[in-house]
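Below are two complexes that have chain A in common, paired first with chain B and then with chain C.
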Partner chain A sequence: MKTLEQTTDEILGLAAQHFKIPREQLAPSDDFYKKLKIDSLRALELITRLEHHFGIELPDYEVQGVTDFRTLASRIQARL
Partner chain B sequence: MLDLSKYDSLGAALTGAMERWPDELCLIEADREHERCRLTYREFGGAALRLAAGFQKNGFAPGDRAAILMSNQSKWLISAYAVFYCGGVLVPLDYKLTSAEHLALVRHSKSSVLIVEYPIWRALSQSDFSETRVETILVTETPAGADLAGAKRWEEFRGEKAPEFRPRKQEDAACIVYSSGTGGRPKGCVLTHENYLEQCATVSPLWPFWPGARYLSIIPTNHAIDFMGGFIMPFTGGGTVVHLRTLRPEYIREAFTRYKITYMAVVPLILKNLERGLRDRFAALPPMKRRVLNALVRVNRMATRRRPRLWLSRLLLKQVHQAFGGELRALLVGGAFTEPKTLEFFHDLGIQIANGYGCTEACTAITVNDMKPFRPDTLGKPVAGMQLRIVNAGADGVGEVAVRSKTVMSHYLDDPELTAETVVDGWLLTGDLGKIDASGHLQLLGRKKNMIVTAEGKNIYPEDIENVFESLPVKEFCVFAANYLWPQRTMKDEKLVLVVRPDPNQNANGTMRGELELRNQRLAPYKRISGYVLWSEDFPRTASLKVKRNVLAEQIGRQLDRSAVQPL
Partner chain C sequence: MLEDLEQFIAALEPAVGSASALIIYSRREAGFSAGADLRELYEASLGLTSAQRVSGARAFLERVHRVLNTIDATPLTTIAAVHGVTFGGGFELALACDLIIADKMTRFCFPELRLGLIPGFGGIPRLRRDVGNAVVRDLLLTGRSINAAKALSAGLVSQVAGEGEALRVARATASQAGKFDRTTSAAAKGFLKPIPHEELRREIDLFCELFERPTVVESLRKFVEDEGAHPYLP
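Moving on, here comes the complex of A and B:
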């Protein structure tokens, strides 16, 4: 089973790929709205992509109020 | 639709709908690829009356208040009807707020009942309810074995006796809707049954519902647009409301075709997202197909400039309309500024965007564009029964928008002072600046009030967020809407800025900036300030030491310009 660090790293990689930003510019504590320059709808696109990648379903309430990669990773990790 | 003049209350009108269309479908609730439930009006009524019986068994009386705190779903509407059936007052709350904000509004509203979905309750149950008047908490969809922390299961809350319908008068309160003030001064608009019935009667002819018409409900139902468009209007027309429990763009797109949606309300943010998706798809077309599409769009644009011709648009641009399910009549947009070019984009495709202007204080809609002809540069004309005038107009005709109608709220809850400032001789002073053009259309050109409206249609008042900056290592600070400091004739890109008087011994752009960024991150993204301005003079204050915001704003506006804002 993946560790939280591995999950976080995968999320950063996928986010970088999806929004065409260099991976090295992203850090776990980053606010993904600010760093990726996205709004709430584009954030949901990312979450859907992550769901497909990790093979899980994340109910909307699990990501309500989440703004940083690390917290998002912990929500995903809890469902692996 | 029902003849609303026959009813004195929302409860009575909704009961009329149950009686008129018992076997028609009123609700579909889907989650991703599967459906959770479908309810006819009879089944919906049955579920609501079981809940109403539980309310009355527990002493819920006419005039008592019940707060609802859940995402869009069938249980929201069932609960609301049960409250109205018992003569209660509904307090619809924004489920996206924080627990602290939820508690503040539950306390302010003096609700005795709280109806909440389990994920929200899991967080909220940690709060101290001792200063609220809540006596009964009903939690929906609690997992088996979960700790309810003193609450009751919504699904099991029943009474043995059939509930008694409690009639209300038109002037009685139906809902208390918070237009803002989750951190500062809560603005609970007390809206009456007359407000809602009048609003429904005036806008329904523009976007009629009938059995088989379907509304896709994605904006939170506490928002005025969805409460009216996604509950009262469909139900009083025998239509169907479709709820999606997972709000991802791909499921919304699928819902259009799966459920043949007739209407959907959106905020500008969602509309822009739809526009972006369509533009990407068009750009990916082979060149010849792209040229054909462009030609068809040009023909449609010419043919529909004076008035919509839905049948022609669907014929010319069949694939575009099929992507929206083939039955879409209009997307209703409001709550915030919509760019004219976005409106034009959809209009050229024959997809009507019904844009308009409204505010919670006036129930829902004040003006609406009727597309005859298409005017992307305005917010349309006043709806039937709405008087609108411009107060203190300047030489350019711009002044404060004031409205009078049966849809104007009764008052702000427990705030006679603010009510008296806002509703003067029956005229609602909106705080928005605009003018009426020669065709009677309203154009909004700024705000008198120190506040912003986000692209998601959320009102943010500086007082709502200032507490997050408390004990910042500065001498004093104050949050302003940038347009309040430097007025400009636009409603686009509204931002908040923090005005800071640094401590003389401090490195303003070092430690303070870092601390500022940290505090800013604590706010939800849509509430964050965009930058800060350094100010070197004492803030003007009243005898009771409150900052004289308008005086300070004037001083800043005179001495600095927008280039003084240091972005965060």
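Moving on, here comes the complex of A and C:
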């Protein structure tokens, strides 16, 4: 079982890779909409990437209102 | 967009004799299609009485249904090669095809209930034709999106392609389908994929009933005026 910290770290790595920004510019508490400069449609790309990576289903209503990487990680953690 | 599709189906019939398959895809980077232009729908509703709004919506839906029924019924083997956002009307266009080949980053969604509506372009009857009710109800009643792997396991998608590979896979599939006698393929298609005309008609009626309510215009207004980053999330 991954820790929340590990899951968060993997999300940050995937987000950096997908949206082509340096990993060190991302922090767990960042608002990913602002930091990645994305809207909800592009956030779905991240969700799809995360679903593939973690082998889970993450219904979008479960991430409604979630804007930071750490909370996103906790939602994923609940599905692992 | 609708005018383009109408011109396209007019050109389709003469091509039937010389072609064996039709691939529908999009060059848009964000995805196959995010569906109907809600801003256009909202702006066209302004200043109209409820009866005028419904009458306009019905006329529009009848035109869309003529296009999608033609694509659905063509004797050609039809393949939707989809990627990225495949929502609402875009999803409904894909469902009119015989096969859906999805890039692994595709997401399918019917967001209409968020606006107080149901899909109006034949989405419900065609989805019911292809997959079990559990999936239909999940997609419709939660408005959630699903990825290509989930769609494959639900029987909605025929094949999942790697990123950026859906069109190539669709071409290979079209080439394979084109090896068979056209009369036999068309007969098999007609037998396997009847068009649910009665349900399609009822869907238009129900859409119009729901569209008549002022709450729908209010939902459209909120969506169109939302300048936040996440209007698509429920």
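The working rule: the second predicted complex is superposed on the first by the 80 of 80 C-alpha atoms of A that agree within 3 Å, B and C clash if a C-alpha of one lies under 4 Å from a C-alpha of the other, contacts with A are read in each partner's own complex, and residues count from 1 in each chain.
We adopt the following convention: contacts are C-beta pairs under 8 Å (C-beta built on N, C-alpha and C of every residue); 3 or more make two chains touch, one makes a residue touch a chain.
These numbers come from a predicted model, not from an experiment.
When both complexes are overlaid on chain A, the residue A:Q6 reaches neither chain B nor chain C.
Legend: residue contacts after superposition of the two complexes on their common chain; A:V63 is shown touching chain C, with no touch to chain B. By the touch criterion defined above, A:Q17 lies against neither chain B nor chain C after alignment on the C-alpha atoms of chain A. In the superposition on chain A, contact of A:H52 is made with chain C only, not with chain B. Residue contacts after overlaying the shared chain place A:Q25 against neither chain B nor chain C.
By the touch criterion defined above, A:Y33 reaches both chain B and chain C.
Across the two superposed structures, the residue set of chain A contacted by chain B and also by chain C is 33-34, 39-42, 44-45, 47-48, 57, 59-61, 64.
Of all residues in chain A, only 31, 33-34, 39-42, 44-45, 47-48, 57, 59-62, 64-65, 67 touch chain B in the complex they form. Across the complex, chain B meets chain A through its residues 32, 71, 95-96, 98, 117, 119-120, 245-250, 269-270, 273, 455-456, 521, 524-526. Across the complex, chain A is touched by residues 30-31, 34, 84-85, 104-105, 107, 142-147, 149-150, 229-234 of chain C.
Those residues of chain A whose C-beta lies close enough to touch chain C in the complex are 33-34, 38-45, 47-49, 51-52, 57, 59-61, 63-64.
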